[in-house]
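Chains: A, B and C, in written order; residue numbering restarts at 1 for each.
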C-alpha cells in the first residue's frame, strides 16, 4: 500500500481531532464574536479533569468524560457569567487579554497541580485495536472514533443551531444584540449557555486528545493554533466548514511528516497560510457575514 | 389606572440629553400616536420604555409597577413589545424563524399565533422559508410587526412603520393595526405623518426637541395647533 | 459680539510639565549612560533587561495601543533578530554592532511579506494569525543546521569579545572583557530604549499619529476622512518589526546562546510585554515605563515562585483589564491630569482682550 495514501487517511483521521478542537472555538466566535485564547488550555484542563475523575472513581476514560460533561458545562457557564461577559463590548482588547491571562493561569495552575509529567488517558485494549480497510491499510479504532465523534458533534451543533429555539436565540443574538433583547433574550445568559456548550465540546475533544497521545500542561497553545487554523480555513460561521478545515490541517500535517518528520507542524501552518493568502474568507464561507 | 405611564421620563446618550421629562399615559385598549419632527426624541421615548435605554425605575410604570430600570429582555417578558425603527429583522434567520424568535422570552397564550399572523399577513406565509433579506420593505415591516406580536404583548410599540414604504403598503399596514387593536392590544405608534396618526389614534402626543409640545384627543386638536406643536413657531 | 469672533483658538500639545519632562529626560539619559562608570556588573545587567523590555513594550504599545494591531506574535521578530545576529556574525563574520543594525533592515524585509499575509485577518484573528506566523518562524529556524537546528547554538568568545570598541572600554573603565562586553550591550540597550521612545513619540506627534488615533477609534470612520489605514498600519507594523528585530539581536548578543524555543517564546517576548503595557497603561507612552518598573520588581522578587508567579501575573493582568482598563498610568493621569509626553492636542480658547 502506498505510503501517501496511508498518510492521507491518517491525516483525515487526525483532522477529526482538530475539528473537535475547532468546533468549540467556532461556536463561541459565531455567537459572541469572542476569540478565546485560552481555548487550547481549556482542552488540556478538561483532559486533566477526565484523568482525575477516572483515577478517583476507577472509571475508563469514556465514562469519566461522561461524568465530566455536567461539571464542565457548569464551569463554562460560570466562566462566561462571572468573567468573560464583563469583557464584551466594542473594544477588542479586554476579551483578548483576559483570555490570554486565563491561558497563562490555567497552564501554570496545571503545572502546579500535576507537574510537567506526560499523562495519558488509559483506555485498555481499545487503544491498540484497529480495523483493516483492505489493501494493507489499517486504521486505529480510536482515531476512527475521533472522526466519528467530530462528525457527531458537528451534526449535533447544527441541530441545536438550526432546529431549536435556543439555536434561533443564538443566531438572533449573533445577528443583532440590541434587537435580540427585545425578543426577551437575556444575552448574558445566552452567552453563558453557549460557553457551557463549548465546554462540552472541549471535553469531548479532550477525551480523544488524551487517548490518542501523551499530554502535559504546556501543550494548550499549540492546540489553540490548530483549532484556529481549522476555523479560518473552513470559513467562519459554518460547522461543516470547520470540520473540513480540521481535516485539511490534519492532512497537511501527515503529508508533511511523510516528507520529513520534522516538517509535520510546519506543514500544517503553511497550509493555513496558503489558504489565507488565496482564499482569505476560508474555503467554505457562509454567504452572509 | 393607566396601563403604561411615563413620569418625567428623561433619557441621555452619553452627555447628550434627548428627553427632558416626558409625561404620557396609555389606557388598556387605547392607541397612542407620538408625532414630531426628526430628532424630537420619539424613538428615544420608545427605546426608554422598551428598556434599551434605562433610567430610574419610577420614570416608567407598567400595570402599576415601576419598570424604568429594568433591562429590555425583562420588559419584553412583562408584555411590552417593540417594533424597532428600520425593521431590523435577523438576517441569518428565515422569515418564519424571525417570527418564532419573537416568542423566545414570552409565549403567553392569546389571539396571536403563527397561524394568526400568517392570516393577518398572507404575504409572509408564502415567503416563510426564505431569508428575511429577500423580503420587500413592506413585507419586512410585516415580519417585524409579526415578530413583536407573536408574544401576545399587552402593549405594542411601533417605531415609524410607514417609513420609506409606498402609500398602498402603508394602508395595508394600518389596516392590520386596526385588527391588532381590535384583538385587544394597546398600541403606541411613533409616526411622522400627522394625518395617518390622527386617523388611528385615541390620543396624540406631540414631541419637540425632547419635550412634550402638545397632548390631546385628535378631535379636540386643530390642525393648526398640531402644525405649530410639530414644527415649533 | 458673538464669542466665536472674539476668541482665539490655539491647538497645543505641550504642557508646562512636558517641557520640564523633556529637559529631565535628556539629563536622565546622560546619567543612565554614565551608570557603568560606578555601578557593578549586576546592576548593569539588570538595567539591560529593563531597557530591552521597555523598548519591546513601547513597540507593542505602538502596535496594539495606537494602531489597533493586537499582535501575539512579536516573538517572531525578537527571534528573527537573534537568529540573524548569529547568522551575520558566525556565518558572515560581521562585527556584532554592525550586525544589529543590519538585523533591523532584514527584519523589515521579513515584516513586509508577513504583513501582507497577517493583514488579511482582522482584530482578534489578526492576533492569533501573528502567533501562527511566529510559530512558522520558530519551526523554520529550527531547520537551520548551521545554527544548531532545534537545539540551538552559542556565540563563541571570538565573536563576543571582538565587539567594536571593546578594547577602548576596557582601558576606559579599567574592566575585564566580560564586563566591557556588558557595558557595550548596556549602551546599545539604552540607545535602543531611548530611540524607541523618541520614535514612538515622534510618530504619535506627526500627522500619521493623528491618523493612528482615528484608526484606533474606528477604521471605517478613519477611511471616510481619507486616512489610508492600510498604509499607516503597514508602516507601523514594519517600523515596530525593525525595532523589535534590533532589540532581539541585542538580547541574543547579550545571552550569547540561542535556541528556537527560547528565541521565539511567546511568554518571554510577548506575554510579559503585554503584561507590562496593560499594567502600565495601554495607549500612553508613560504606561509602558511604569509597567516595566512594576514588572522588573515582580520579576526580581517573585520569579523564584515559578508557576505561582505566572499565575499572579495572569490574574493581575485580568484584574487591571477589568477594573482599571487604562492601567496604572492611565488611572493616575486621569486623576491628576499628568502628561509627560504631550501627544494629545489641547484646544485652547482665549479671549482677544
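Just so it is clear, contacts are C-beta pairs under 8 Å (C-beta built on N, C-alpha and C of every residue); 3 or more make two chains touch, one makes a residue touch a chain.
A quick note: this is a predicted structure, and the numbers were derived from the prediction, not measured.
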* **Closest chain to global C-alpha mean, per-chain Cα centroids** => A
* Interface with the most contact pairs, given as the two chains involved -> A-C
* Structure fact -> Note: chain B sits from chain A at a C-alpha centroid distance in Å of 43
* **Length of the line joining the C-alpha centres of chain B and chain C, rounded to whole Å** => 54
* Measuring from the mean C-alpha position of chain A to the mean C-alpha position of chain C, what distance in angstrom results? -> 34
* Structure fact -> Touching at least 2 other chains, the residues of chain C are none
* Within their complex, state which residues of chain C touch chain A. => 64, 68, 70, 72, 116-117, 120-121, 123-125, 127-129, 131-133, 135-136, 139-140, 142-143, 150, 266-267, 271, 274, 278, 282, 306-308, 310-311, 313-315, 317-318, 321-322, 325
* Structure fact -> Within their complex, chain B touches chain A through residues 50-52, 71-74, 76-77, 81-82, 84, 88, 90-93, 97, 100-106, 133, 147-148, 151
* Structure fact -> As the complex stands, chain A meets chain C at residues 33-35, 37, 83, 86-87, 91-98, 100-105, 107-109, 111-112, 221-222, 224-225, 228-229, 232, 262, 265-266, 269-270, 272-273, 276-277, 280
* chain A residues touching chain B - in the complex, by the definition given at the top -> 165, 168-169, 171-172, 174-176, 178-187, 288
